[in-house]
Each structure stands twice: as structure tokens, then as C-alpha cells.
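Could you have a look at this structure, given as C-alpha cells, before my questions?
We just call them A, B, C and D in the order they show up, numbering each chain from 1.
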Amino acid sequence: MVELYDGALDVPTILQRWYEEEAMSNYGAYIPFIGTVRAEDEIDGLSFDIYEPILASWFDAWQQRAKEAGALVKMAHSRGDVPLHHSSYIAAVFSPKRRVALETIDLFVEDFKASAPIWKYDLKDGERIYAKDRSTPISGSGLLKG
Amino acid sequence: MVELYDGALDVPTILQRWYEEEAMSNYGAYIPFIGTVRAEDEIDGLSFDIYEPILASWFDAWQQRAKEAGALVKMAHSRGDVPLHHSSYIAAVFSPKRRVALETIDLFVEDFKASAPIWKYDLKDGERIYAKDRSTPISGSGLLKG
Amino acid sequence: MTLSTNLALAIITKTKTYGVFSMVRIEFLGPIQKASIELEASSLRDVANQLHHDKEVREWLETAAVAVNDTLVASLDTPLKAGDKVSLLPPVCGG
Amino acid sequence: MTLSTNLALAIITKTKTYGVFSMVRIEFLGPIQKASIELEASSLRDVANQLHHDKEVREWLETAAVAVNDTLVASLDTPLKAGDKVSLLPPVCGG
């Protein structure tokens, strides 16, 4: 299950809980990826919309793919506003094998960026502006353009 | 500086401290790699010897290399005995850029495995047995074989 | 029946199947600032044709992916039945 | 002086430089179960020659890397001076 939170993530608590959840699972490698809101372009923070049903099916497919590679994936994401220097995203991989873990976290994070149904907005002067230029069309987009 | 600890690492505390240390550094990505002792081959745990002077210079060279790529690396490792299902190793990368962070953690962990002057022993029936078959000769080894 | 009769029947049957127009709901996700609407359609092609007349939506058609009942689809011939939900997903940027 | 005299002098000088035997310490790291020893050597080549006669150490020479004063080195011609520390690093496995 993807974990969704209103606002910024409590990163230390989530990293610790996931670590403890898998403490006896005999995985040798645990690699979390933590994404934090950077100060740039004079933004005050970021804001996120999430479409949960498709996020859940995307994540379930990944859980299956990871399982076949001998790995486990976990994910947490923020809904709504996240201030500068706070974190909005954690993806994590567990695996008995170092190479599997390193390759899976890379593929998982990149596919997340390309496919997960989450929309990002810049918070700037009280406005919420769609981050169009940094967004990626989902594979197969443009179907209705005719 | 590499952080060395006697026995198992307190993973949640280290992950949290590093996260908080860089909270205002404006990095967008933080990727720790956590290595945990797996139950296999009927071992009771692992044990480590470290040669600190060369570890320090290896790490300094990596800190420089990471800096040139726009990243920061941190590392913690255990000395002596570490029981099953406890962790002995954390490497971490911070970077403003996701791709740099993902590529650097991979290179850093692999080079660590190939080059860091650390020796691993299986703890088995009260004995400390050099893990010869899982060990890698450092690049340039065999110089004195004549 | 001759072969050509069979073929004609098959075409009629196919047309008929696709020709049943049902009420479906269209949802606009993320930054598309529009409340959901209801349309009569037999396939996604009918949805595409109608959305082209909607000024607010037209600009998103180039870049939006499409899901039917929360499954991403790749063909305009995807048939629709009464109560189906069609979602438009504009370019994403999680993380 | 003729050219050949110059060359002969150069060779003598070189031999002399490499010919100064000094007391150096050899350290055996990690699993090599041996206390450090002291040897007379002018270069790593001299160290190699002497360690070949040490049964305990010989088996490690194939796979050990070598550091002089904590810097990994790649040449047997690496010169040594009094007080230098030569370390043998067997295959590693951190993590």
C-alpha cells in the first residue's frame, strides 16, 4: 500500500518504521530515496494532487515486478502543500541482494516520475501554479487528440 | 569523515541525524543504503576489521569526486561483531539532482565493496572465520608476488 | 449464405455493438480545471469527437493519457458501456 | 668526460640511490595473522624478495595490495627510506 499524508512527511519516523517492519525479513539491503522540496525560482513550497485509484494499481504492479526480482518496494507521498526544505516523497527498496536493490530503486524512482498520477504545483505569492514544464506526459498520452 | 562504531549501527538515529544535518542545504534527493547482516550459512553474525588511515583517504577522495558531481557522501560502518539482522553499514548520498544521487549511490557502494580496507569474518560456533570467498582483491593487488 | 453476406452481417453486427450510445462520465484530473461531465458515447472515439468541441478541454487532449474505469487504455476503439468512467490524466510530476 | 663516462656515472648514481638499504616496517592487515616485522630494503622489490622466503606470508602475496605510508602503490620500484611503513592489504569485503 502507498502511504499518503496530508502535508510534509515525517521522514525519520517513516524510515525507522519501515526499517523495523522488515528487521526480521532477512533482507541485506535497504535503500530509501527521500525527495525534499528545494528553494528555487522563488517558490514558497510545492503542492500535490494525487489520483489514488490509478496510483494504487501502478504501485501494485510494481510490488509484483519487485517481487519477481526478489525485492520489496514501499512508498510514501504528500498530498496538498509542502513547505521548502520539507520532504514530500519516500520510495524504498528492500532486497537480499545489493545489485537488485540498487537497480530496483533506480527503475522504481524513474518510473514513478514518468507514470505515477501525481500533479505538482508551485506555491508562489499565494498562488498554486501547475508545474507544466517539469511534468511528463504519461506513456500513451495524446490518445484523444484525434 | 567516516563514522566508525563498535558493534551494530543505530540505523534510525544515524539516518535521522544525517537528514537533519542537511535539512537546510537545499539538496532535493537523499539516498541512504543500509547493509544488514543476513542469516545464511548458519552464521551467528559477522565481524569486521578496518584499517582506518586508508579508509579515511579513500573516503576523502570520494568526497572530492562527489563534490565535483554536485553531491555529498556520508558513511558509517561497524567495527568488531555485528549480530544477525543488525546493520553494519550505511552509505548515503545527497544531491540537488535525482539522477546524480541515483548514479552516485550506485558507484559509491560498488567502489566501497571493491576498495574500502575492511575485512569481513563469519562468526560461527565461537570462531571468527575470514570470508575469503566473498572478498575482492583491491585493484593493483599481487604486486609483491614477483 | 454467400461469403459476402457473412461479411456484411459481421460488419452490421460490429457496427451495432459499437453503435450503442450509453451515458458515461468524463473526469478531468489534476490541473484540468473542470468539473466532470456526462456524455453519450459508444467508444472513446465518440468521447474524443465531442471533447474537441470543448475549448477548455481541447488544449489538454494532446498531452493527456486516458483511463477507463481507472485502467489506462491505448485504443480509441475501446468500447464504453453505461456508467463507465473516463479519466483524462495530464502530464505528471510526483516526488 | 665522454658520453659513455657520463652514462656510467649516471648508472652508478642510480644504483647508489636505489642501493641504500634502510630499515622499514612491514604491517600485515586484516586476516593475515602476523605481527609487523622490520626489514632492510631500498625498494619494494627488496621487500618482495624477502617476503617470498616467509611461509606464512607467501600465500598472501598473490592477492594482497600494497601501501607505502598509507598510500596504495603500483610499482615494485617504489623507493623506500628509513622509517617507511609498508602495509599488505588482503582482499576486502566491507558492508
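We take it that contacts are C-beta pairs under 8 Å (C-beta built on N, C-alpha and C of every residue); 3 or more make two chains touch, one makes a residue touch a chain.
Everything quoted here is computed from the prediction, not taken from an experiment.
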Chains shared as neighbours by chain B and chain D? none
Counting hops between chains that touch, how far apart are chain A and chain C? 1
Using mean C-alpha positions as chain centres, tell me how far chain B is from chain C in Å, no decimals. 53
When the C-alpha atoms of chain C and chain D are each averaged to a single point, how far apart are the two points in Å? 77
Suppose each chain is reduced to the average of its Cα coordinates; what separation in Å results between chain A and chain B? 25
Check: chain D positions touching at least 2 other chains come out as 95
Contacts with two or more other chains occur in chain B at residues 35, 98, 109, 113
Output every touching chain pair, sorted by label. A-B, A-C, B-D
In the complex, the residues of chain B that touch chain A are 11-12, 15-16, 19-20, 23-24, 26-39, 85, 96, 98, 101-102, 105-106, 109-110, 113
In the complex of these two chains, what residues of chain B are touching chain D? 35, 48-51, 53-54, 57, 77, 88-89, 109, 112-121, 130-132, 134-146
Which residues of chain D touch chain B in the complex? 29-31, 44, 47-49, 51-52, 61-67, 70-76, 87-95
